[in-house]
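Chain nomenclature is as follows: A, B, C, D, E and F, assigned in order of appearance, with residue numbering initiated at 1 for each chain independently.
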Amino acid sequence: MTFTNIGLHNLNQSGLDALQFSLMGMALVFAGLLIIAIYIALLPLLLKIGTGKPKQAETSDSTNREEEEEILLAIATALHLHNNFPDGDERITWKSHGDMESPWLVSGRMHSLNSRKLANNWNR
Amino acid sequence: MDLLSFYNNSGFAHMEWINLIMIAVGVIFIYLAVTKDYEPLLLIPIGFGIIVGNIPPIEGMPLSVYAKGSVFSYLYLGVMKGIYPPLIFLGIGAMTDFSTMLSNPKLILLGAAAQIGVFLTFLGSLFLGFTPQQAGAIGIIGGADGPTAIFLSSMLAPELLGPIAIAAYSYMALVPVIQPPIMYLFTTKKERRIHMKPPRQVSKKEKIIFPIVAFLICALIAPGSMTLLGMLFFGNLLKESMVTERLANTARNSLIDIVTILLGFSVGASTQAQTFLTSQSILIFALGAASFVVATMGGVLFAKLMNLFLKDKINPLLGAAGVSAVPDSARVVHAVGLKEDPSNFLLMHAMAPNVAGVIGSAIAAGVLWSALGNF
Amino acid sequence: MDLLSFYNNSGFAHMEWINLIMIAVGVIFIYLAVTKDYEPLLLIPIGFGIIVGNIPPIEGMPLSVYAKGSVFSYLYLGVMKGIYPPLIFLGIGAMTDFSTMLSNPKLILLGAAAQIGVFLTFLGSLFLGFTPQQAGAIGIIGGADGPTAIFLSSMLAPELLGPIAIAAYSYMALVPVIQPPIMYLFTTKKERRIHMKPPRQVSKKEKIIFPIVAFLICALIAPGSMTLLGMLFFGNLLKESMVTERLANTARNSLIDIVTILLGFSVGASTQAQTFLTSQSILIFALGAASFVVATMGGVLFAKLMNLFLKDKINPLLGAAGVSAVPDSARVVHAVGLKEDPSNFLLMHAMAPNVAGVIGSAIAAGVLWSALGNF
Amino acid sequence: MTFTNIGLHNLNQSGLDALQFSLMGMALVFAGLLIIAIYIALLPLLLKIGTGKPKQAETSDSTNREEEEEILLAIATALHLHNNFPDGDERITWKSHGDMESPWLVSGRMHSLNSRKLANNWNR
Amino acid sequence: MDLLSFYNNSGFAHMEWINLIMIAVGVIFIYLAVTKDYEPLLLIPIGFGIIVGNIPPIEGMPLSVYAKGSVFSYLYLGVMKGIYPPLIFLGIGAMTDFSTMLSNPKLILLGAAAQIGVFLTFLGSLFLGFTPQQAGAIGIIGGADGPTAIFLSSMLAPELLGPIAIAAYSYMALVPVIQPPIMYLFTTKKERRIHMKPPRQVSKKEKIIFPIVAFLICALIAPGSMTLLGMLFFGNLLKESMVTERLANTARNSLIDIVTILLGFSVGASTQAQTFLTSQSILIFALGAASFVVATMGGVLFAKLMNLFLKDKINPLLGAAGVSAVPDSARVVHAVGLKEDPSNFLLMHAMAPNVAGVIGSAIAAGVLWSALGNF
Amino acid sequence: MTFTNIGLHNLNQSGLDALQFSLMGMALVFAGLLIIAIYIALLPLLLKIGTGKPKQAETSDSTNREEEEEILLAIATALHLHNNFPDGDERITWKSHGDMESPWLVSGRMHSLNSRKLANNWNR
């Protein structure tokens, strides 16, 4: 670069109208962030509409009972594991919850396995 | 440089409806992971990768995993060259406790029996007109082991890697849905209620010697399994030796996490609808589903076969854990067992065929690779 | 093999005074980081890299980042190929909380307005005789985002990567020095005292959906931003999904730390005085400074413009946070606000334009890349 | 793939008898896991034979005394380090036990250095 | 595809007795690490790597580190290109506390004296007919520093990398066996009982400035040491600057662990008996042992030489720590000192020549590389 | 390698006088470490000279007051954040101090922002 090439003519070289391009560029940046802003502003409304319908409390009772039963089973499992498997002997490992160092975590998994049947746990 | 050329350079101009379908698939993966907790460590990276991979790239710009020189193509190299799966096996090895397997070696055979799914699917794929290499790669979906499936596909049929990986992980996530019906179908209520004896204590010495000997056995029988099983047992030795705890810890945390992120994302990003949504992919999904069903059947029925000869009967539900899909199928076995008899705790026992299934499908992959590879 | 040949092979023989100047610059970087706590995670690796890069290497020996086959050249590959910046964005995504932005979307526009600095600097660089590619890369310094600047330079003008990266990081470190005068100049005391309403609570659901939708919007409008924003929003999804906490944790700790070390060091080591100390570099530093000033102005003035139409006035200081330089410019806004009114707490509010500025400059980079790249 | 090529003839192409190969493959999988199973079943017996002989209690006494002496030395070292080296001044670092942040770890090392002479600490 | 062809594809067909010998060596490495706690972080990865590397691979299949396109060959790249050793030095730097060295600079010279082992072994190797490049790489075994030995071998004599690395690590693990006899031989009981003065407190400022200045001194005198020492002192600056604690932490944990796993395993896997068990390797092991002995002698005798001139006598045992083998030789010094006088605590003092020995052998490696490298 | 090539003549091949080179090599190793040793020995003296001059207590008073004011502001900010932003809602993240999980860390940053004006905090 030799500084011999300073000038406004540089803004219009090799088929590029730099000024128009820059305006277009700013417009795109604004467009992207503006659409995001609008989306964010509208989302809570959309979610309210979306969750308005399925708010049927009907299944909750049977679900709760089923869930409770499973919790009891999970606790039983946990106690069983705790009593029959000496410490450090078994770690089921990997995926979802890292090492399972305590039987309570296993029970947590058992429980979540059951809760897969529950439809509206999206909000947890 | 006018509005039109900007539009032509945008994603809107080139978006096709098949890309939208794939984006919807990615969103569904994420939805299942978040709301149903199905294998989130795999489905979220893959799901977001699918979304990214289906944004139409600008012609000639190095953006997609297939574009020479793009960042994503460098991340995808670890998939294409088969580097990520062995590193994941290293971490899995450093996590896995082989104690139950060591305390009840009979259960290991269930992990062998479930590999029938691999070879039957291989035959089925051949029948449907796939090349032997492609058929081998499709068969391994029945191994129910993501890294093994990706590794073998990258070696035998890289052109099918996307569909095979997605099928393998999808079905692994759906194990709690696929397996129970088959388990009920092939077992009686009485069989499902069989209790297993508590396992014996395993000494430190046995645990340390195991990975070395098991590696030698497997690698001598099927040298093609050396890469995956070498890393699996290396990781396990790091864990069990007790003197390299810090290395085992890094292998099962930072290292496996980094590789999981990169693997999942780049496998997802390789599913551009234009190359992914083909009749082949649909066939692969169908074959994959069949393969999971056959593998589960194989494990359950073999357990019943063994019971004909054994005094201490095996609960045949444990056979279903032989497909691997660690540790989900073991959990499914436990849950089904509990349903039948709330005092029947099968989880720990199911870990034996479960980890044996990992070894079994790695051997199967080694056999397929050495016979079908284009060297 | 005599004393003379040893001297000729030593660094003393080839050391020039311009190398000493660069070493002094490296020492100053480290000094600023240690004593003034200016961006130490960047300035210390870069500073030490500058020192290492200005030891005269032995002719033909593979030592410097530019020498084929040297270790440093392999580390530098991640810079040249643009691999490190997206990985850093992954970690940043896994750290960033978009809550304030989600609770007050109006503030997002301030992050767009500040990108005026990018395009004006682009025009200025063209005017001074840089090629369009070089001008685009220089312009992005005004985005105040190190990884974005390095990524775009590596794609458009790798020959200027050193000066652009050093300029970007230097000015980011100097944000607490550069921005306040401009903020005082363009705001009245009354404006600086405007209090912001506390943000509303944002639901988990909104946080999980946000990265997916925001990615789709940005990538469709400017596919060139896909690489950086794909990783940013992927990292954020890992964080917000709640089911991949261990992956998010690794992404924002081990992974980003490793990449930060390698990126900073190798960028620093690429500043050999012989290629770095040119009239071009001086121009780039001047343009970079101008670009930070213009960006700050842009943000502040746009906030005042918005206030003409809004009932709930925005504190125009928040505009300065739109340049990004996360999170330093947000802190500067907070500090200036506190000076004026000790009960005015702007920090959390400033995070909204701050993270929006990151997205904004990634879009700008995508637009520049797609229009100016040599494909 | 055109689906025109479906059929049993595919199972016997380019020199590969797919059926026989599959049987062989299953056999190898079974062979590998069966040998592992047999090895596992036999190992406890082998170990019992192996450890049957060296169960000579003769050295234990001298070893114990030597060990005890070393423990005392280690404690002395630890106290010395603790008193004479202000906190954070020295971390010997790396290898085997990670950072040695407390002098007690150093003493642990000293001890294990000594115990290298002990032959039968395989079972710890 | 019959039983015979399966046998021919198995490891049994190609296993030779020399492979069995190497597998036994690998098992012994693991046994020593587990039962005797000799350098387990090195011996376990190397030991398991040796086992994996001596499974006879299937002809033409990409399995071994030497097979083009195999996963292990990609992991081995970091060894061949010399990338792993500097990254390990980065982590070591972030672990090392130079305080004792800073508080008693006289002891640094002991770390220089021990490098006599490097140059005498170099001469010995030349005498025995090795090429100058090979002789340089063998000589550095006497530096008692694994990463330095691997780095220099990969640059000067990659064909000998396996034996040199194994020799270096074996003798480092055997330091508690090799050094004490020599230490007793060359010191009197009275000398071994010399107590050292407690070191002075070192200020933060000294600790921060040290890595920068020390790097400049070493790199200017021997630019060839720039790669290793640049990383070592960079890591140390990350630690001592106090403002980059998170980077130092990652460097000395995840990063060094990952690299240690990959380096150890792939070095081990490169020792295929067919290329490893040669008369050259046996010579290298003999030369390596000699080199450790000479280095220990050099350090001890130089300490006695210094005592002729010093008022405050140095305990000549400290000279043995100059060979580096951090921190084992320092521990050996401490243990021998304690044996003689239960109130003589040499550990901290021995760290000074110990870390000086690391710097010393890196300088020696730089000198050898710059003079003997084929550029 | 065939062992046929043993001999002193090897020390002087292809233009390399190995003996002289080795002496030179040892000299360089000693030179490097000796200069470091000398530098280390001299540094405390240099630092004493360097810090001798700027020990002017004059600015300390105004600085202290300014600093104290800032500490109060920081505490105020911290309390504000703590009260108005429910737990886990905002983490400013990254750079300098890792995750900012507690508002007290934010206040620490605010404070250090101010202390940038202080000239002689090198010694902290």
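Odds and ends about this structure:
Everything below uses one rule, namely that a contact is a pair of C-beta atoms (placed from the backbone, for glycine too) under 8 Å apart; a residue touches a chain by one contact, two chains touch by 3 or more.
Worth saying up front: this structure is predicted, and the values here are computed from it rather than measured.
The set of chains touching chain C and also touching chain F is given as E.
Farthest from chain F, judged by the mean position of CA atoms in each chain, is B. Comparing the CA-atom centres of all chains against that of chain C, the greatest distance is found for D. Centroids built from CA atoms put chain C at 27 Å from chain A. The centroid of the Cα atoms in chain A and the matching centroid in chain F are 40 Å apart.
Between the CA-based centres of chain A and chain E the separation comes to 47 Å, rounded to the whole angstrom. The set of chain D residues touching two or more other chains comprises 16, 21, 24, 28, 96, 122.
Contact with two or more other chains is made by residues 1, 34, 37, 40-41, 221-222, 243, 246, 253-254, 371 of chain B. The touching residues of chain E, counted against chain F in their complex, run 101-102, 105-106, 108-109, 111-112, 115-116, 118-120, 122-123, 126-130, 132, 135, 203-206, 209-210, 213-214, 217-218, 221-222, 243, 246, 279-280, 283, 356, 359-360, 363-364, 367-368, 371-372. The residues of chain C lying in touch with chain E in their complex are 1, 9-12, 15, 23, 27, 30, 33-34, 37, 40-41, 44-45, 48-49, 51-52, 55-63, 69-72, 74-75, 253-254, 257-258, 260-261, 265.
Interface of chain C with chain B (complex): residues 81-83, 86, 90, 155, 208, 212, 215-216, 219-224, 226-227, 230, 233-234, 237-238, 241-244, 246-247, 249-251, 253-255, 369-371, 373, 375. Of all the residues in chain A, the ones that touch chain C in their complex are 1-8, 10-11, 13-14, 16, 18-19, 21-22, 24-26, 28-41, 43-44, 47, 96, 98, 122-124.
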